[in-house]
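Some notes on the structure that comes next.
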């Protein structure tokens, strides 16, 4: 058992999160992608914790879970609000602000 | 112990203020005016206390026995604190009329502002990456919420959505970087990191460099460097004026607090690695920012685009630091001061105007402004001069320093490009002046309103001028030299 | 060997879950994928001897976050036609994957180059975490509470249905 | 004292100008007449006194008014020098000038801008005197230019008619072309003298410092100046048009004084031209060509003043023949005599024009010898003089020139000169016969001619008749007093008296021949010439020189100007700038198109940025 | 008092403007205040000129540290060169204010006062950054005046002049910063004082780039051919007081800049650029003149005329001999007077006939003789007629040109022809010919004559007795020139 696999896994997860962020238009998926990215960092931290034999990494990951929770609160509120005001969760429909705006 | 408590007090007051305001939110006895005053009161006390701690820091860390070395106390952070609290005070006071004219403002507005100020203060004091990250998140999350404060406005909501999605994305990079650095150093304390970087060669620090670079991505994102800039214009546009003002001036500066600390101290040995990357980003930022700014029709969007350009100037200095310029660090500090004053002023005027008009101010709307409100127009011109780097304003001295630093570090081309973009910026800033002055007004002259907002804007305008031409020959009043001294003092305390 | 196989299974779950999250059109299916990935992550934490973390992951991420999001999804109950129509989804995914490749490689290569083996350490249980949390990490821990508070305030502000309805107001 | 000669007219011009401008409506004819005619008279007296002083043996009179410029070695004073040459010039300029002023007082008396006229007139007098009395080339140039200016003002005196202004412009511009040569010449002269003073005296003393090529160049350029002022080929076209001015102006400026400035200048620089005989020959050739050319044109003109103008040009040609060939005294002598009879002719013509209600076409005149008896007689004298009939002044001066040409063995020039003499007699008598003898064409009552206009005619007629005797040379039993007095460095060739008599006789014969021809053709009955043959057509259109200038210079200039305005400035210079601006804004627009409002694109940009950074790090750090 | 006199001269107008602005003065008190400030500055300028010692260099100097951290100091002083322009500014402002007497728009007056401070400061400052400050400051009022009070496409044109000028200023700023850095590198201190910087020896290659930065700014301001497309539109659109200052003072500051900073900092490098600039100047001399011939707008015509003559001045400056130099300096003064007069006349024309287009004018001479006299006088003095100062200057430059090179001399002498080509045809079409019946002809009023008469007298005095003025600048000009020649010669 080597840490290499963990590293690989977490980097792949991080990347999947990034891809989801770029490729999808569903606000929920966007939000989950971000959570996935942060979670993959948690995995990385836990791995380091074990690699270094230092519990601090895990503590950081713990704090990070709290941060994720905070973001979740805001994100869910956002999604609800966006859906409520526009009846859609398609991020592409929110494009009133762009390059040159005349109004 | 008491001494330490006193030093911690400004921060504590801000957060206590946030709590108090939060608790008062359901009380009917407090209207917006009073809440505003209360918030300003808290911030003002914090500001004054920060002012008095300036220059006599006998201890380096707050409660080292409890917090370890995660909360640093130095002039650098204190000066930043003063800018944050000052910026928040100005935001609140200048926009007093504005928020009263909009019905959607409620008490949470003040709470969120105070929370974000708290986050920024933490950010500038943080001497530990996780603390810094959390502080950044506090500030960011509050501002995400603030950006979408006008919820009935789809544009505002959209801005919030964009800001939140992209901001969280960039935060993930910060966290990733932190994790990687933790993996290398075994600690996230900046002290340890500095120790590590100074005792290893660049070749040994591959992972640390990767981690630090991911942290830099976040910083670049927050200051709006190209290609991480795309949110800036839209979010500045969508957010309500007070929030835009707060973001453009205060929050942007907060990012530099951590960026400079990391860059100048902890990552100093690996700076040289970044030089080329930074230069490319700088060039892109300067060009992209001015491209964006020049093609806008709304003044707010133009200012947003130009704020990207200003980040570009700061990046010039940042890369000069890596090349060993001695001027660059105080230059950044001074430029931040200059930009702070000018941006607060210009956005303040925009929001002041918007008190009575409900639409976004485009260039066209400024036609005849000088006839309607001659004093406002004059002050707006002063801020535009300063942003354009016209001499006799503080903006000129800021650019002067930045470009001197670039030349000192041998980045002639960057300095040249900077001057070119400054030239282009003259176009879009002076276009506004032209609109204000060159066209007759359709509506008659408005009466001169003297209230807190206008007085503060006038004070800002005077400071902008005084910071550019003020001389220290006049006793008791520090001139431009005073500002530079502050910048130098901040930087020298960093080492 | 056991660890490897557990790891493999968990990793498969996680990858499968996250890919499901990535490609599914139905939001609820995506959320299920995400749930699977999160549970897998908890397993991974356990595998890495961070029991407290695993617990926290189950409780917070799975128990609170994902469930909350599912609740939200169900509350919104977006109909088929309200979901985004994404004709070029896979093209985008392919393109983004291509762009993401260097980042993945960079993280993976640079980390794995540095560490090839685990250190032997005791299991990180709540005692260890608690000790650390209240000694070394007390400041971040303190301010995380403020973060949560501010996020709460923010969420309330955003999600609250406003009494005042002034449509058409710009800026 | 001699400074007063110059300064007085200027002051009076200033005075009258101010008085005139203070109230243009008010008639103050007495005041203007008093000041305007008085000052030249005072100048005349003063210059005669100066002449007397010189006659008593004084060499030159110098007077420095003040320092003008003193920079480096360029040390110029406003100083006057009355040597024999300049005194002669000054004397006849002031005397004849005074007469013309008197005449003008009559001629212009009904003009509303009487005061302005005299202000200009005195300005001209001052300038001309400055030119003549100048002690250094710079001051001479100042006078030279001011003469041009006042000429411009006077030609354009009737400014409501745009054609007159065109004529004035033409005069000034062609003069300025000459000045262009002049100023180059004096600059070169100064530069090549390397700071050995810049008065005429010191130039003469140091002329040896300059190499021969440079001298030739300077001489040529100086002569370009003279061409402009003295209306020689190719810069003569302004002179006929300049007749648009009032007749006294034509008399004073375009006959007696200004146009002779070129001759005076060459004589002034005689020490220089003495070193470069080739250039002298060139001058003589141009003079000869101009003389013949002008005479030919004059023979086919119908405007009385234009005929006289061409005749002036022709006579100036003679003078240049003289000075070119080194016979400076003869040249100046001809200037002197010519001043009398040409002024007289113009004034007579003016009287005729006034009498005929401003009719200038000679074919519409006729039979005036009874009505304008005095005018007829005086003009007859003048015509005889200009035709070179002894003993009138013209004979002696012209003869001297032709003799000099013959003696210097430039027979071709001599031949041209003689032919021109015949033509001169022809066209002058053609004029005389058509105006006074031929049958009257109109029955209008004649306009009365005031006395102030006729008395000067008489005085000038006396001068025309007798002035020649001043320069009577040994062959005719005189002592060449004029030449002796001038003491110019003439190139002398001794030829036998017999040859001189022969040449003189030939001249008389040619003159009489021309006169006879004119009598035969025009005395009784004459019809206007028609441009029926090519030759006539060319002559009547003055060899199409105006058109040539128009085609070669004016059209290209205007075209270039339009081309710059339409193409170079907007398309090239501004075009370059606008292209840059366009390129920049186009890029900016493209760039802001990237800002398409969709959040995933924004994420994509960030991802691309991070990805690029990662690539860079992958390679730079050697992770791969 | 004496050591602060220049400071007063610079700041009195600005101070007046600020005080009046704060007091929210009425138009009338604004007028009086502006007039008063201009008269006081004129008096102070006269005091300076009276106490000026032509035999020593910088005088009345004042050196104060300003922004010490950046090595920027407040150094002002006057020498032969600045004195000439200072006198011009002092002399021109009161007549301009009298000209503007009926102007009721307050912005006019404020801008003019600011403008005066700008140009005076630029002329007197001896610190590069201070100079840059004033250099930019003087652009602002022009920008506003053209844009706000101009005519035609004034908004566009004012933006054009602003941007083109600032392009130059930015390049100059770059050079200034670089020079400061070089000084820092060699001495370890920051300083932008001209006297400090003059002692550093630049590397030739660097020096070429640095000089280019300065020259670009000045070439645009002059403007040399190729940098000129802002000129005609700006002059065409600008209101009369602005155009007078533009042509009479600001364009000269381009020359002044080369003289002071170009020759003060990189004598030898300028000789590297001299051929190019001489060629440009010669082209400009003829190009602008030809362009002016068919120009229908009087303002634009004299804009081109200004360009032509400023090219001549620039030419004289780069010929580096005593005649050309003193000619250039003299021309700065006389051309300023003449063009000021000319543009004032054009302004008066506009007031009367509501047009500055030649094709709409004509026949003024028969109706308004005094007007005609002044108009023609200024036009002719621009053409360099003897008796006016312009002639002396042109003569000196031509002599200098011939001293330098025969062909340069020949081309320079064409100035005799070039000005005349457009001026006389213009006079013919505007003043003479048949009167246009639609125009309301009225002759100059006494107030207008008082504006113009001093200019006429000055032009005549400078033309007739130049020796009154030459001793003011000749000794130091010679010394400076010798220094320059020594450096150039020392390198060869």
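Order of writing sets the chain letters: A, B, C, D and E. Residues in each chain are counted from 1.
By definition in this document, a residue touches a chain if its C-beta (ideal position, glycine included) is under 8 Å from a C-beta of that chain, and two chains touch if they have at least 3 such contacts.
Worth saying up front: this structure is predicted, and the values here are computed from it rather than measured.
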Shared touching chains for subunit C and subunit D?
-> A, B
Interface with the most contact pairs, given as the two chains involved = A-C
Farthest chain from subunit D by C-alpha centroid distance is chain C
Chain nearest the overall Cα centroid = E
At what distance in angstrom does the C-alpha mean of subunit E lie from that of subunit C?
-> 70
So how far apart, in whole Å, are subunit B and subunit D when each is placed at the average of its C-alpha atoms?
-> 78
In whole angstrom, the CA-centroid distance of subunit B from subunit E equals 43
Cα centroid separation between subunit A and subunit B, in whole Å?
-> 26
Residues of subunit A whose C-beta touches two or more other chains | 14, 17-18, 21-25, 30-31, 44, 48, 51-52, 54, 56, 60, 63, 67, 70-71, 74, 78, 81, 91-92, 94-100, 103
Per-residue overlap in subunit E, given as positions that touch at least 2 other chains = none
Among the residues of subunit B, which ones contact at least 2 other chains?
-> 130, 134, 137, 141, 144-145, 148, 151-152, 155, 160-162, 165, 169, 176, 180, 183, 206, 210, 233-234, 295-296, 359-360
Kindly provide every pair of chains that touch.
-> A-B, A-C, A-D, B-C, B-D, B-E, C-D, D-E
Touching residues (chain side subunit D, partner subunit B) in the complex | 584-585, 587-589, 591-592, 594-595, 597, 599, 601-603, 605-606, 608-610, 613, 616-617, 620-623
Okay, in this complex, where on subunit D does subunit E touch?
-> 17, 20-21, 24, 66-72, 74, 78, 116, 138, 141-142, 145-146, 149, 152, 156, 159-162, 165-166, 169, 172-173, 176-177, 179-180, 183-184, 187-188, 190-191, 557-558, 560-562, 564-565, 569, 573-574, 577
Where on subunit D does subunit C make contact in their complex?
-> 600, 604, 607-608, 610-611, 614-615, 617-618, 621, 623-624
Name, in rising order, each residue of subunit A that touches subunit B in their complex.
-> 14, 17-18, 21, 27, 30-31, 34, 37-38, 41, 44-45, 48, 51-52, 54, 56-57, 60, 63-64, 67, 70-71, 74-75, 78, 81-82, 85-86, 91, 94-103
Listed in rising order, subunit E residues that touch subunit D in their complex are 164, 226, 228-229, 232, 287, 290-295, 322-323, 326, 363, 365-366, 369-370, 373, 380, 385-387, 391-392, 395-396, 398-399, 401-403, 406, 409-410, 413-414, 416-417, 420-421, 424-425, 427-428, 431-435, 464-467, 470, 474, 478
